[in-house]
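Multiple structures are listed underneath, in structure tokens.
Look at the two complexes coming up: chain A is in both, with chain B in one and chain C in the other.
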Partner chain A sequence: MIPGISSSIFLNLLFNGFFLGSIYALVGAGLTLVFGVTRLVNFAHSILMVSAMYFSYYIWSVLGVEPFLLLPLSFPLFFLVGYLIYRFLIKFVVDQSFSSQVLATLGLFLIIQYGIVMLWTSNTYTVNSPLRNIVFRFDGVFISLPHLLTFLTTLAISFALYYFLKTTYIGRAIRATAQDPEAAKILGIETNYIYSISLGLGTGLAAVAGNMLAMSYSIDPYIADVFLVMAFVVIIMGGMGNYIGAILAGYIIGMLEVFTAFFFLPLLKHAVPLLLLIIILIFKPEGLLSRRLRA
Partner chain B sequence: MLVLSNITKTFGGVVAVRNMSMEIEKGELVGLIGPNGSGKTTLLDVISGFYKPDSGLVKLDGAPLNRTPPFERAKHIGRTFQIPRIFSRMTVKENLMVVEMNEEKALQLLEMVQLSRLADEYASNLSGGQQKLLEFARTLMMNPKIVLMDEPFAGVSAPLIQRLSDVILQLNSEKKIAFLIVEHNLAALFKVCHRCVVMDQGSMIADGSPEDVSRNSQVIKAYMGE
Partner chain C sequence: MSRIPNTYIALFAALAIFPAAVNNVLVHDVFILSALYAYLATAWNIQAGFAGLISIGHAAYFGIGAYTTGILGSKFGVPPLIGFLAGALISGAFAAATSAPVFRFGVKGYYYVLTTLAVAEALRLIFLAWDFVGRSEGVWVPPRGDSLWHLQFASSRIPYVYIILTMLILATLLSHYIRRAQFGLRLLSIREDEEAAQSVGVNTFRHKLIATVMSASLTSLGGAFYIQYTLFVEPDTSMSVPISIDILLPAMIGGQGTVIGPLVGSFVFNPLSWLTRIFFASDVLPYILRGILLILIVLLMPRGLVPVVEDYVKSRRARGG
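And then the complex of A and B:
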């Protein structure tokens, strides 16, 4: 593959890239969906993912339930959280200036982050699930079960949501609202309802990412800072509001981060994706994909 | 059926609509004309609920609409826009199915406006005139009692204007749908409407049959003065 590097090292890196890319894809898909429909730049997105990590940790520590098995509960739960955040906060700023949106969502970010610190301190926690120790190995290539589950879940969820957006009545109403809210209103669509559903779906996706991440990462409140920046890198690269673009960009950035950390310096792993973003913004400011390929 | 009483709408210092009152009966075909900037589009936006009037009331079948949001009004009041607001990243058929997942009904309406051959085409590939027909078919998916149309004939080829006029007349006589049509192409408008309302600088200056209105000296002056 790459001269001087054994194929097993390359494959190990590739699989790590698929894992991290899956997390970025989920987080990015949620953030871009919310932006594409409501035009809201949601700075609270990554802290909602981290909240789902704490939720997984809490349930695991009390009941011993695997974060993965929690998915069918945490998606609807965080859907509801997103829905309520829209009804009680975002609704009042969605038509307002960018700075009011920043204030509201960044404010929410900080409230949740410090709420977490108050409840759990800023110590690091780990879900010591037995799943972590299940590792498939062949020819020097290792894939842990949590990584494999993360990748498969991401594929399943992103296809399911794409199918939902393409074929159902609500999905079509969401796309119509994203394209032209006034035209949607004139066709009997309550845009505020669609906005709250979208924030619910976006938050649900962030929660899935959080659950999956909790199986492999240690948990602390400040993970949200890096993920906030990286989520924006993903959705700008994918084209703001472009669902497929965000998923694609999520994998590109996940790969880039893993390979950078190995071949250059772990310290540079976030800098290189940012550099790529700047290059993309110069040569293709609308993002990787053409407009036609938008959901 | 649709009653406007003393509607006034200002933007900052500009009075876009001044004390407009009018009534449209079930199955009536009304034209709304006036020079550029006379307040026609603003009046449609007040009826659709996009703008809240400074004062005055819109009523539909006796019920005041001032607290009814646009999406609720849309269940009875159809609307097309001066610049068509189609969903360009959806197919023609999908544009209609945003309203209801009824493919058969969508195809029937597309047939009526002669777009069925383009049903699976992306809406952005349609010509401006075809986009207006699509927008019209889409609002008919709502089964409206009245349709507000903003310059349906502008930028549309003569054969399409003919087709659109025929469809409007057919829906009006068969389904008793009322229309309020804003249009600058008076020749085409007068062929379809029963009655014509004229606005100038936000106020109504005439209301009558197309013949009366076109002979009205105040109307002639408003158009010449522009």
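And then the complex of A and C:
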């Protein structure tokens, strides 16, 4: 226990860290999956998460459906979005230099971000669902239902995806392609298909994060700016392409942010992980988990 | 010292005559914007185009230049010209301090790109939390009417036009000489194959560092000009990712690694962006245009406008004699 604060404050911070960490874990897992398989540095990843937030807001405002219940719909929908993005854009830059990839996906980021501004302006929206107000409390510790759901969903989905990658035929083909695309091609794996599936899965994970975030955060298009950078902090810390590393790093960054905000300065909560990233990039660019647990 | 090509001189002359011939404040504003971003892209190009060190964090240097001049002027009454120099020094030192470990430990490729992004974002977030630099309110420079000493001109845009045009021409000439000099050739060799360059005796660490510091100092002068022109700076409109994109986009469009590409790219893109804003009466569409252009350039014309036009002219000459 840290001296000077009560255990209930500490536990509250810890649970907040688990919530934020879950979001970072999901976003990072998606981005690292895409990178691990296709070697694509996808700068559009975070704006796809924000698109899912708007999607859940839109459905909620029109039909009144809880963002949480939307998960079975938004995952396949954004899987399709990722698949199409691969077919119509990424396919043409995946073999080019990293600077081309960075610039093309930044371009996509701008188009989607300002497309959102055109449709919904840059005002802030909030999903005022009744779920938001359900809070479990015991002994001065508060856990809101959306936070709990986010944590449980993240655990379930990351295990499900891990299992999918380990056991199914497509999962193994994805891992084979990640290890050696040329060899995979020779063995009869259609790598372009595998790449598009990976981008679909990565985007789907981002959409799940967006859905969960929409339950607790207010929504505006510029959230994507922060997450653009933070997603890279997470995946570099976890080792680029390392699925389990990204999930662990997501929780570490989440905790770091929450505790920085409380003990130091709320405004510096993103700056501290960034400074950490710079240090990692210089001294240990392969990430904290040096053994590649590539999923 | 190599000869300056006639095409450059013709371009400079056209740019010098145009604002004098068209006496319209709006046109002058667009011209200043285009020249400023042409200048910034030229500075970016020395690092990214020549040495291959792609940066998406140049807004940091731009912001440092603007803030240094603004704070020295508004809080300590230091004349802008000294602010310009101080900004260039601080920015250069900042670039050296952040880049030296990065180059020393061999951070390359997308890891390098992400470092530039992380440094700029960290700086923006620190500025947003820092009282001395005004947090999100930023820094205001008190208006002084027309004053050469304070480098402010309220009654006409013409002085601004020619200050930034002079800066642009000097930067383009500097870029031209670097490109032709041995230093520039070494930078190109680093861009093409760093290990090969090292094996033939190029001190890659030193060359990368000099290119980065030079690029950072030049960029900060652009930032210093910007605050003299707008009299205001805040973190989100000076150090954010969109500003870094605006700095690199002209070079991408015109042709990164070419001397004149950033200039051509900026005078094509910025008027186009402005026309989009006016024509569709939308502040949003110019940003979508940026996105579309980035993608189109990467897909269709990765080398940029200038090399494509040059090739076309050469092949015409070869055929037509």
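The criterion applied here is as follows: the second predicted complex is superposed on the first by the 290 of 295 C-alpha atoms of A that agree within 3 Å, B and C clash if a C-alpha of one lies under 4 Å from a C-alpha of the other, contacts with A are read in each partner's own complex, and residues count from 1 in each chain.
Everything below uses one rule, namely that contacts are C-beta pairs under 8 Å (C-beta built on N, C-alpha and C of every residue); 3 or more make two chains touch, one makes a residue touch a chain.
Please read these numbers as outputs of a predicted model, since none were measured by experiment.
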Partners on chain A (chain B, chain C) - clash or fit: fit
First, second, both or neither for A:Y169, with chain B first and chain C second: first
Centroid geometry (CA): angle chain B/chain A/chain C, rounded to a multiple of 10 degrees: 90
Comparing the two partners chain B and chain C, which touches a greater set of residues in chain A: C
Partner chain in contact with A:Q179 - chain B first, chain C second, else both or neither: first
Partner chain in contact with A:L228 - chain B first, chain C second, else both or neither: second
Chain B versus chain C as contact partner of A:L89, first or second or both or neither: second
Lowest C-alpha to C-alpha distance for chain C against chain B (Å): 17
Set intersection of chain A contacts, chain C complex versus chain B complex: none
Chain A-facing residues of chain C, complex: 54, 56, 98, 101-102, 105, 107, 109-111, 113-115, 117-119, 121-122, 125-126, 128-129, 135, 240-242, 245, 248, 252, 282, 284-285, 287-288, 290-295, 297-299, 302
Contact set on chain A toward chain C in their complex: 41, 89, 92-93, 96, 98-104, 106-115, 117-118, 225, 228-229, 232-233, 236, 265, 267-268, 270-271, 274-275, 277-278, 281-283, 285
In the complex with chain A, residue positions of chain B that touch it: 48, 50, 69-72, 74-75, 78-79, 81, 85-90, 94, 97-101, 122, 138-139, 141-142
In the complex with chain B, residue positions of chain A that touch it: 169, 172-173, 175-176, 179-180, 182-191, 291-292, 294
